[in-house]
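Report on the following structure.
Chain nomenclature is as follows: A, B, C, D, E, F, G and H, assigned in order of appearance, with residue numbering initiated at 1 for each chain independently.
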Amino acid sequence: MFEVHFLEQHCKGCGMCVAFCPRKIIEMAEHTNDQGYNPAMVTDVSRCTGCAICAMMCPHVIIEVVEGGAA
Amino acid sequence: MFEVHFLEQHCKGCGMCVAFCPRKIIEMAEHTNDQGYNPAMVTDVSRCTGCAICAMMCPHVIIEVVEGGAA
Amino acid sequence: MSEPILMKGNEAVAEAAIAAGCRYFFGYPITPQSEVLEHLARRLPEEGGAYIQAESEVSAINMVFGAACAGARVMTASSSPGISLMQEGISYIASAQLPAVLVNIMRGSPGLGGIHPSQADYFQSVKGGGHGDYKLVVLAPSSVQELIDHTVLAFEIAEKYRTPVMVFGDAMMGQMMEPVFLPEAEPAPIDRSWATTGMKNREKPNIIHTLYLPADDLENHCQRLFAKYREIQRQEQLHTAYLTDDADILVVAYGIMSRVARAAVEMAREDGIKAGLFRPITLWPFPDQALFQAASHAQAVITAEISMGQMIEDVRLAIKDKVPVELFNRIGLVPNPDEIYEAIKKKAQEVKVSA
Amino acid sequence: MSEPILMKGNEAVAEAAIAAGCRYFFGYPITPQSEVLEHLARRLPEEGGAYIQAESEVSAINMVFGAACAGARVMTASSSPGISLMQEGISYIASAQLPAVLVNIMRGSPGLGGIHPSQADYFQSVKGGGHGDYKLVVLAPSSVQELIDHTVLAFEIAEKYRTPVMVFGDAMMGQMMEPVFLPEAEPAPIDRSWATTGMKNREKPNIIHTLYLPADDLENHCQRLFAKYREIQRQEQLHTAYLTDDADILVVAYGIMSRVARAAVEMAREDGIKAGLFRPITLWPFPDQALFQAASHAQAVITAEISMGQMIEDVRLAIKDKVPVELFNRIGLVPNPDEIYEAIKKKAQEVKVSA
Amino acid sequence: MPKGYQRPSTLVERPWHFCPGCNHGIVHRLVAEVIDEMGLQKETVGVGSVGCGVFSYEYFNFDGIGPSHGRAPAVATGVKRVLPDRLVFTYQGDGDLAAIGTTEMVHCAVRGELISIIFINNTLYGMTGGQMAPTTMMGQVTTTTPRGRGQAQGHPFRVCEMLATAEGAAYVARTAVYSPAQVVRTKKAIRRAFETQMAGLGFSLVEVLSACPTNWGMNPLEALKFVEEEMTPVFPLGELKVPEGVK
Amino acid sequence: MPKGYQRPSTLVERPWHFCPGCNHGIVHRLVAEVIDEMGLQKETVGVGSVGCGVFSYEYFNFDGIGPSHGRAPAVATGVKRVLPDRLVFTYQGDGDLAAIGTTEMVHCAVRGELISIIFINNTLYGMTGGQMAPTTMMGQVTTTTPRGRGQAQGHPFRVCEMLATAEGAAYVARTAVYSPAQVVRTKKAIRRAFETQMAGLGFSLVEVLSACPTNWGMNPLEALKFVEEEMTPVFPLGELKVPEGVK
Amino acid sequence: MKREFLLAGFGGQGVLSMGLFLAYAGMGEGKKVAYVPSYGAEMRGGTANCLVTISDREISSPLVSDPGVVVVMNHPSLLKFEPVVRSGGILLINSSLAHRDTKRQDIESYSIPTQELANQAGFSRGSNMIMLGALLEATGVVDVTETYNYLVKTFNGRHLDKMPQNMAAIQVGREFMREYRQQSEASIAYA
Amino acid sequence: MKREFLLAGFGGQGVLSMGLFLAYAGMGEGKKVAYVPSYGAEMRGGTANCLVTISDREISSPLVSDPGVVVVMNHPSLLKFEPVVRSGGILLINSSLAHRDTKRQDIESYSIPTQELANQAGFSRGSNMIMLGALLEATGVVDVTETYNYLVKTFNGRHLDKMPQNMAAIQVGREFMREYRQQSEASIAYA
């Protein structure tokens, strides 16, 4: 029921969201963004609980978690 | 048995020695020194116990108390 | 106009600031300036303003920075060593383009020096004691009345150009009393659309800062500052010239020294020596063309300073080495007119223009 | 002589200080100078000395004051805003006649500015950013090797005259690496009979202070200081003149700009324009007679500075307005030689000396 | 617990200059969130500082000032005395606040100045490349303590404990952001600090123990662990002073 | 008890500039006595300050330095690092130490600098004519608090309590000289401070509550009474920190 | 006309008030005035002195090193300022606290036992006003009938209750001076 | 002869070491050298670049705005520094992180997939040395047989254990470049 939006170009690939997501559904992408970092992304958004812990720990304020339509 | 020496010209007439001498034997002189202050002086040195409290309280360090010959 | 009041220089500065609409003062005690503080500590609360005693001059100048950001008409005052401590802050205020009035009641220096009258902070404030490219408008009154008038003027210039303005006094002027009239005109209204007052009536934040990281941002910033400074140079130069038209010997002096020099010039004239006085009122912008003009007839120029010779460089630059420029100076005191008169006489004999 | 080492300007200053016998350093981090600290934090303990990180530049300069009182050979380093904070302390050190070496790796200004190369603290250090009558010897190296040589020289002058000496660098020189040789000569021995080291071998206390309350004490003190300064002016002026003898267009530049200017002069010569370069090495004492001499053939003078024009006043004073003096300047960067070359060419056409 | 998360409107949307994993970012966000929630965006004047937080005025969407290094509390004093009803806070690192700015910070506390200080303690000078700060811990290696901080450099400066001795200091707390729970606590502390100010109760300060992965030479997660395991014993977390009015 | 009294040999015999009854004089004398008794005249470097104690270097018969206002602790640091075996102390007023010199004082304590500070708290700026100091008490009238120190000026700064929180501060005491007994205690505290330093135990500071009859507008005896009755409740006397080594 | 007055004593003797009085009196008569206080090295309780200039023209320098009229209220001031009196000028000595007469031959000098006079007249704290009276009489610098108005201005309206006493003290000083002069003229006549 | 090299990438990619290597190599051949590191606004983890000048004569200015050889190790550096290459100069692009070829026609340009080459060769952290090899081959600025000595100097004796690996990486870069050139010459020939 949730969508997790990343401002991918601003991601610095620090991995905080990855480490703290209780569902372990965030991973670093293989590709790099224009800054040269591997951005974070959600693997299985359907398992997201909307807890927003990822956003809370993201030091670059690039994650938004919104209630979406049907997954 | 004690002599109390005042560096009279440096006395600022503050009266601390007068106030704290346990024997109450210090008084301010009538005359003024070159600075314009009435200097302190001992009235009855024979009653001096050599306690040096006057010297201890003198903010201008002008009192010395020495063991003298016969009063 | 009401009756004159007998007023101490320092108090006059304080009252003038109030008359100019200044309601905030941040300062730190230092002789011979402390009466500015003391007076404002009493008066500003009466006027609905605030006197805040800073814990140091460094803090004071940064409180001034903050109050100016917040849109206040604001002043600080100190004396030589305290002004040195403000140099970083002054550079920031100039760069941030904030209006603020700074008063330096100069005292004996360098180091702790003493509490004597002095004019030895000319280099510091006129050339720039802080880091980087900026200019400080410097006004040099010579009487208690002028301390008042120039303090008011300082606020006007500071507002008009959004730039810090320094008023020079010295231990003598700060302490001495003369009859004065306080200004009665209403202070100019404050426009502060740029100030950081909270975004209440705005969509976009106001930001005040001095960091320009890309090199061309910094270059543009400096060019903008200096375009403004050139405008000030065009608009704000002040001086007085006294008997300069036919002067063989031109004396240049500012502040309290200009009064002594004027008396010396009068003595010389009585003696048949054609002496004249040029008095810069704005030290920066220095009235160089006016001085060049005033020196057109001169055979020799004497600058009279209570320093080891500082303004003399600006005098030389203005005169363009047309005639020799010499220094008359004393340290630690305001000399008697006859000392300067002697210097004039000697010079007149040297250049063979004595009566 | 051993092999040259590739060294960063900041580290070179640090090693040069050690070579000069300096064992105490007090400083506060600031870009682009921090490597001086970092290097000395590692090296001084190895040499039996101490690096103390002060809590601010104000503290640092006063620790320098204390260490100098105690007889140490001592240095501090900072960059523009930090140097502003030291102005009160510098005035005290000068007045107390203490030997000390100060390094300013200048950065973009005014205010916070940035970390760009800059020469905009000329007024501050050469004219006097602190209060009162004093002078600071200012050396302006132009290469990493000269950063070393001038740091050593700074200690020598500081010792010889018991006076603070400033070494100017800029963000570029502090950061760049060039091959250098470290000095191998033994540093001069320290004579400190005047220092406050405790009365161990003396009957009378040594006192170091800067307070002169009777006016004539202050006047005498200033006269003594300035007699010393005049001696320094006579003895210590340094400059280089490059192709100046027949130069129609004379470029004046110091520090890193003098290298760029030299390249521009060479370009001009190749183009048939008789250009020359005068490079002041001591900014105070300014080599004014040498410059006057070097300009004897010039039709025009260009001062090239990374500032809005500061040294230009000393150039004008030295040239005595014989020929027009113009400013070439850039802010925030070290320009390319061809920019100066263009300025030379333009000027040459104006004064009709172009090939 | 509310679900989801949206960027606070008091943050400008632009890329930040902070290094990957730098805790400055989290604290910036929390400040913005609190101001959003208190509805004070239009009433706030933020005073930045010189350090890795130097660009705060470019990130916050309210009026902002970039003062000189260490003097933010004095600048904030100037602002607050002129605009007593605004929220005025400073955002300072440990070099800025606890070294060069010691006098200004202490006297704001002594005067009970109605400002709030958000204090980022990352045990060193981040922006200038990792030199020792007053808060560097014993044995910690920095670029100016190559052999680790030792006796000659003294002991780490515990700012909260010192300032709490001033009568004028009303709210003083030390928090961290090494875990979601600590992030929540930090946000609450920031809110209490601002409330203390707006209620006129006195000076307030929140010290946030923060990771500087870059200068610590760690990856972001190691750095969080370092905060938890190495820093908190030296800088104990907790509210040292809470005024009646905001409890 | 030894009888009699002789001027300490570490005092130069010359008239002092202090006002009648000024307590600066008593403290000057005590410092000299302690140095005499410890036999350190030839090992001492005194660092004065700017304030009514500005001429200390003319009164003490040992090497002396006149630094700039507030920076004595930094100057002393410079001296001590170069001459680690000398006795190095500063003599500072409350304006000098607790206002403009706050940073320098705090960081000497934080670094545990091996210097001693003799701190004369007379609640105001004596030399410049009686302006408010950070130590001015609530309600106290000074030339810059004509209506008495009030909320807007904050609360009196208790230096000892604040510095005692620093690990590097080894000996911290507050004394007074309003009576012979207090004079004796002050002397002992000064001695302990110097002993702390010479034993390498850390930073030491003795705050002496001192009368300024002139600026208080009192005669010398009234002024002593004011110290005892008005000051000691605000600035409680006692040793706040004593290192093991000097007990 | 331009006259300079140097008034010196130690702090608390009221020399600064005397100076202020003179300045206001000058202003009252439409003259240009300047007043320069100056303090010794000892900030407090030390010497205090001030310099007053009253002139018909703009005052170029408010400071003169050789004032025409000098008042010394105590011994150290006598030692310090006796030498600076302009040749032909006037020196007024408070002989209650200054223990000798002038040594200079080229000036007019008067010794006034202000304290004794004050004690006799029953206002022991009126020394300075007695000296002021003597000074007014000796110099004629201002219209003495206006004295009351000047005084009110000098004290800025404060201390109005002490005015009668001050006036009386001034009167004592003036009379003493008048007699003194008559006597010395007499003695000169008989010399 | 005077050659300038601008090397750019983000922090940690080893561009500053590449610069140092070049400088030491120049010194080893008795040339004048200057090395100017420069950091972006982002103090850490941001862009890093350096400029190396190697010359037969005194280097007047250590800074040039139009270097003859430019290496860009990532995409932002390509965007930023592509325009500054001197006309006729050389641009070396790390195509592993820079996502396009040059758009300029007036320069020689080579795309080197350093990461892929490094991975293939089995030392995934050797991108910079591979680029260095390519650069040496492309410019012939120093005697490549001396490479080992220069490297030892560059690292100031440290990391001696990593030398063989570094050397191997350089070799990979050189060879890639040699082939590249042959191909492009070939392609030019056939164009």
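As a convention for this text, contacts are C-beta pairs under 8 Å (C-beta built on N, C-alpha and C of every residue); 3 or more make two chains touch, one makes a residue touch a chain.
Model, not experiment: these values are computed from the prediction.
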- Query: Stepping chain to touching chain, what's the minimum from chain C to chain H?
  - Reply: 2
- Neighbouring chains shared between chain C and chain D, ordered by label: E, F
- What are the two chains with the most C-beta pairs touching? C-D
- Message: So, comparing C-alpha centroids, which chain is the farthest one from chain F?
- Response: H
- Query: So how far apart, in whole Å, are chain D and chain E when each is placed at the average of its C-alpha atoms?
  - Reply: 38
- If you average the Cα atoms of chain C and of chain G to get two centres, how far apart are those centres in Å? 36
- Residues of chain F engaged with two or more neighbouring chains: 19-20, 54, 66, 68, 99-100, 102-103, 106-107, 127-129, 134, 153
- Among all residues of chain B, those touching at least two other chains are 12, 35
- Item | Residue list for chain D, restricted to those that touch at least two other chains | 50, 52, 55-56, 58, 81, 88, 92, 111-112, 115, 209-211, 213-214, 333
- Message: Going by the contact rule set out above, which residues of chain C touch chain G in the complex?
- Response: 4, 6, 115, 172, 175-179, 256, 259-260, 262-263, 266, 333-334, 336-337
- Task: Under the touch definition given earlier, write down the residues of chain F that touch chain B in their complex.
- Result: 1, 3-7, 11, 13, 15-16, 18-26, 28-29, 179-180, 183-184, 213, 219-221, 224
- Using the touch definition up top, name the residues of chain B that touch chain G in the complex. 12, 32, 34-36
- Item | Of all residues in chain D, those that touch chain E in their complex | 28-31, 34, 37-38, 41-42, 45, 50-53, 55-57, 81, 111-112
- Task: Quick one: which bits of chain D touch chain F in the complex? Just the residue numbers, please.
- Result: 24, 26, 50, 52, 54-56, 58-60, 62-72, 74, 88-89, 92, 196-200, 205-211
